[in-house]
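Below, each structure is written out as structure tokens.
Each of the two complexes below includes chain A, the first together with chain B, the second together with chain C.
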Partner chain A sequence: MKNLIVNFIILVIFVVTLGVGYLIADQYIGRAPEQPINFSHKIHAGTNEIPCMYCHIYAERAKVSGAPNVQRCMGCHKIIKTESPEIKKLAGYWERQEPIPWIKVHNLPDHVDFTHKRHIKAGRKCQECHGPVETMDRVTRVASLKMGWCLKCHAKYNVKNGRECWTCHI
Partner chain B sequence: MKRRYFLKFIGAGGIGTGLGMLFGQAIKPPGAKLIPYLIPPEDVIPGLANYYASLCTQCPAGCGVLVKIMDGRAKKVEGNPLHPVSGGKLCVRGQAGLQALYNPDRVQGPMRRKGARGSTSFEPISWEEAIGEVTTRLNDLSAKGESDKLYFLTPELGGHLGKLADDFMAGYGSSNTIKYDLFDYRNLRYANRASMGIKAIPHYDIENTKYLLSFGADFASTWLSPVGMSRGYGEMRQGGHTGRGKFVQVEPRLSLTAANADEWVPAKPGTEAVLALAIAKEIVDSGHYKGSDLKTWKKLLSPFGLSYASEVTDVDKKRIRHIAKEFMSTRPSLAVGGEGISGYSNGVSGLVAVNILNHVAGNLGIKGGVQANSNDLFGGNDADTVGAGIQTLINAAKESKVGLLFHYNNNPAFTTPGSAKAADALKNVPFIVSFSSFLDETTALSDIILPSHTSFEDWGDDFTNPAPGFQVATIMQPVVSSVYKTRSLGDIFIGIGKAVGGTAKAKMPNDTFATHLKASWKRLYAKDKGMSASSFTFETFWRETLARGGWWNEKSAKKRKLSVSTRSVARHVSKEPAKFEGESSKYPLYLLPYAQAGHLDGRGANIPWLQELPDPITSVVWDSWVEINPKTAKRLGVKMGDMAEIESPFGKVLSPVYVYEGIRPDTVAIPIGQVHKLYGRYAEKRGANPLEILPSTVDTRTEVYALNSTRVRIAKVSRPGDLVKMDVYTDELGRGIVQTVPTGGQFKKSSHH
Partner chain C sequence: MSGILTKLKDKLQSYRVPGYRTKFEYKWTMVVDLDRCNGCEACVVACYAENNLPVVGKRDCDISRRFSWIRIERYIEGEYPDVKVKFIPIMCQHCDAAPCELGCPVYATYHNQDGLNVQVYNRCVGTFTCATYCTYDVRRFNWFTYKWDSPLEQQLNPDVTVREMGVMEKCTFCIQRIRVAKDTAKDEGRKVTDGDVQTACMQSCPTDAITFGDLNDPNSKVSKLAKSPRRYRLLEELNTDPSVIYLKRVMDEKKGHGSSHG
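For the complex of A and B:
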């Protein structure tokens, strides 16, 4: 009888933690979702050394860095490597005049008021948060993007008002 | 607990979590999408706002606005600080204009009627089909030689859109443009032309006056140009440069404006004109008036003696004399007349009386008084003062003289008195084309709808009327791309004109209204020295003008003498007060339907922000009410919030009671704007519409329906009321919230000016 109860409790704990694990998975394992086009940062930013802000055009001017607009992609790929199957996918989107539905790798909750502009202006490198993107074929999230992680960096660089709640939660 | 069990539990938890996370990683949907621009718009940076100068069209005042645009969406509207009318301020209707743009109940594309008239059963069609259908109808009509059976029912279309519509109508061969709005100041325009010979509405210089006497002009919420006038009022009271001016409001009900006044004079409804002329007589008799025609004025005003006026108006003799004394001795002073004097069966006479009062006190053509507005820039901002009005259309429709009706953005089926039977008359019209953006009571009667843009999506301009003493032209530009499949009204006219051919086509030289507007402004630029001097080329001028929001030049103000002669006004002066329907024995209470700050003539009712905005006096939301004096309420046995039936000889409406000290005991008031039968989810089936129980009395000189023209009786009904208001008490219950200090007469000595 006693064994039955213990086994039952074990089962309950297992099921509950299974659910919890399922829900919090995104926050602890590096996210690397499959994208509609198999775009490689390694080729673009690594081998060819294209600067980040050549494509992510809003990073130093706005909160968001901006996924590259399709016209920017086609600016090069009208000529370069047009026979590759992945580039053909891109050309397909352009012909249909459809934006490419990329999957977000880095996603912050709505109650965080993060702005790229300030971080770039403060001299931070993109890689400090996004990891060595220029070595990745498919982008993987390397940072947890949790509050402790933010604060650690704010402390390291001695950010003015870096620990104030309202600096990020406005 | 045994150590063994503890370890087992921990193990189960750890394995569970781990498996859960792996599991989650494997099958969870990938999450939010990141949709890039296909081609990024040049002036858009995500999350950063741009501000565009434009024009507000929520009422005819013509305020310049700045619209905040972020990521291609309009987020906020504020006044344009450079604009001489709005001066960086904006009223509540202007602010709420965004919810007209993004309203879910807009007509989202061209539609053709499917079911019976008024059944609101429509089917979507293409723009080509719609223009084709209208063209066929127009050609059929002109083939029969009945071009003049085309009527165009519209509110005053400001600026070049109005001219384009006129060109189209003239080109097609019809002169029947009927301009109508419930509050379009036809009486005021008529009275001013009749007494002073001016076409444009003059500038009432509240800002620089020291004594303002207002006859029912609710300028703080709705009258004429509420934003500009409220700004002027603020300057007059607290601006400092003229000293605090005095303000006296004459009206039977304490409106928001009256609540701001130093003195409230609740004259008997319909007798305001008599009061104005009695004050004028006092001034003339006192020797203040020095004109050479003194004798004829004395003769004209002789019937308005103090005893008669006091008896008719229910205002104390001493008080009339006191107002007259202050009005003439305070320089400059100013009298204005609003709906509270023009909304009667003899509305024009009331406004003429106000002009007479200004004339004899010496307030015409001076700073702080009434200043003429010139309109040379636009070749006479010729608001039609004596042309055909809404009643002409209703009669023509009844007699089947209307073959085809174009209808745009006004709603006579809602805003005309119930007994005028406008909707029934319109049902008599064989084919109605509507350009309205909302399916309101009138648009629902149409056979085909070609929905037009809102002011946020369209080009346009407006030559502000009334202007602030100098000419103001405001430009409207599209600040967002169109939300639905609507079109610019100008483009619709151009499209139809070109399709119809003949003279109508010849009158449409440009392909789009945007190019038409720019070309028209190029002609203004060539003509007007002030404009051409301001920049080297038209292109730079146009860019600057768009950025600034329009064109205005304070130096263009011309001083013009104004006067009123006894000869021109004699036929408008009458000793009798205004007439009311219903015998006073059966219907003891005067009914005053009035425009509420948020709703104006009912156009604000489909905007939830305006519905949930508490009325500034009663604090009621999402509803209408009937204001009753506590004495009357006691006599009738009704309390705050009880349901009451208000009955006139022409019908009855139900409304909850609001017991209000600020209304005469012989008067009740109901705000206009609620209980739309149609007009979207927010406007329908709430409140009461006082217009339903009005007689179709008009001032025959202008065809303006008299709002204050019937008596009513009130009975309590057993149904419980459902009045929702934000404040609980209407008095301070002895808490000393409103502090008063007795002056004890210490100011008497220093009453020099």
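For the complex of A and C:
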């Protein structure tokens, strides 16, 4: 009898762990960490209509899209809105010659080999994965970035070798 | 319904026939000229650097947990002063009819569209079956999550996954470099040509003993070398149909230990 109870408890713990794990994995949707500088995509990409690849220059020629360097920010903000407290923070990083410690919102595990370049070259829009960034004050994750989510799109657009493991996992 | 089933069956059957890879776009092949190999192990070092291999230490090597994807086997013939030493670098042979693929219960190792034998790390559950089935003893197992002491973790290759505990791994023919070559070729709207892909071992070999290329292309270096009369493949009688071709070492018969097999 005692053994049976112990076994039952172990089973319950197992199921609860699995369930909690599953829920936590989905909680990444809507993740919006507070950034070191209160940068607003709404003002930049929305109101002022700066194209994505003016700042994220590597998206069309490399694996990563790349956060812009401080010099690119300062290129405009030496002149524009220099009195704002957030811009003063930026100027501080520029004077101290430090990179801004942005917090990654869309983070993939190490065993996924995702390239921005191929997706941009195939004509995909940034918004298809990242959501309507131009309306967000703080960038929020809209996609789960799970494998099933990737494959849904690969099946929809009939990607060559799109369902092969080695296409993304090397 | 039955039509689909027969189609599926035919397709599966075609994957079972050795040599089915010729119908694919590329057939990656490595040719190792043993006449040129002097056993310097530069390829081993290059492989460690390129593919994020951990250095496991002396104790683990002693209990057969060594980690090199490519190893140099030494064969010593004769007695002093008439000694002959032969070296054979052995890496994953990327067999067409790979024994390791039959064993995997979770389909973590399989043949990809280029005919490479691929290992999918995030699928692997570490049953060790593939390593048991492997004819050439080239599969390596992560017994622990190996750590790199600072600042060595900064030299890790970002294109290659850092593997964790419980995962089997092996030579990938530097698939990350093949992918980069294909990526550039796609941008320029052409096929991958000879010399676009260099594996790490080939690049570091001081005597150019290792050649890598596409056997489907009749003008590539590899397909010319593959016609050599010195050609042989390891344990060919087992019908694993390996992709690595060795060119036999020719030794001087007069001075040698009396045999011409080299």
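Criterion: the second predicted complex is superposed on the first by the 142 of 170 C-alpha atoms of A that agree within 3 Å, B and C clash if a C-alpha of one lies under 4 Å from a C-alpha of the other, contacts with A are read in each partner's own complex, and residues count from 1 in each chain.
One rule holds for everything that comes next: a residue touches a chain if its C-beta (ideal position, glycine included) is under 8 Å from a C-beta of that chain, and two chains touch if they have at least 3 such contacts.
These figures come from a predicted structure and were not determined experimentally.
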| item | value |
| --- | --- |
| Contacts of A:G19 with chain B and chain C, given as first, second, both or neither | first |
| First (chain B), second (chain C), both or neither touched by A:W166 | second |
| Which of chain B and chain C A:K88 touches, first, second, both or neither | neither |
| First, second, both or neither for A:V6, with chain B first and chain C second | first |
| Which of chain B and chain C A:K152 touches, first, second, both or neither | neither |
| Dominant contact partner of chain A by residue count, chain C or chain B | B |
| Which superposed partner A:D113 touches (first chain B, second chain C, both, neither) | second |
| Partner chain(s) touched by A:K125 [first = chain B, second = chain C, both, neither] | neither |
| Common interface residues of chain A - those touching chain B in one complex and chain C in the other | none |
| Footprint of chain A on chain B - complex, ascending | 5, 8-9, 12-25, 28, 30-40, 45-48 |
| Contact set on chain C toward chain A in their complex | 110, 112-113, 116, 118, 120-123, 159-162, 172, 175-176, 179, 183, 187 |
| Interface residues, chain A side, partner chain B - complex | 6, 9-11, 13-26, 28-29, 33-34, 57-58, 61-64, 66-71, 97-104, 107 |
| Of chain A, residues touching chain C in the complex | 109-111, 113, 115, 117-118, 121, 161, 164-166, 169-170 |
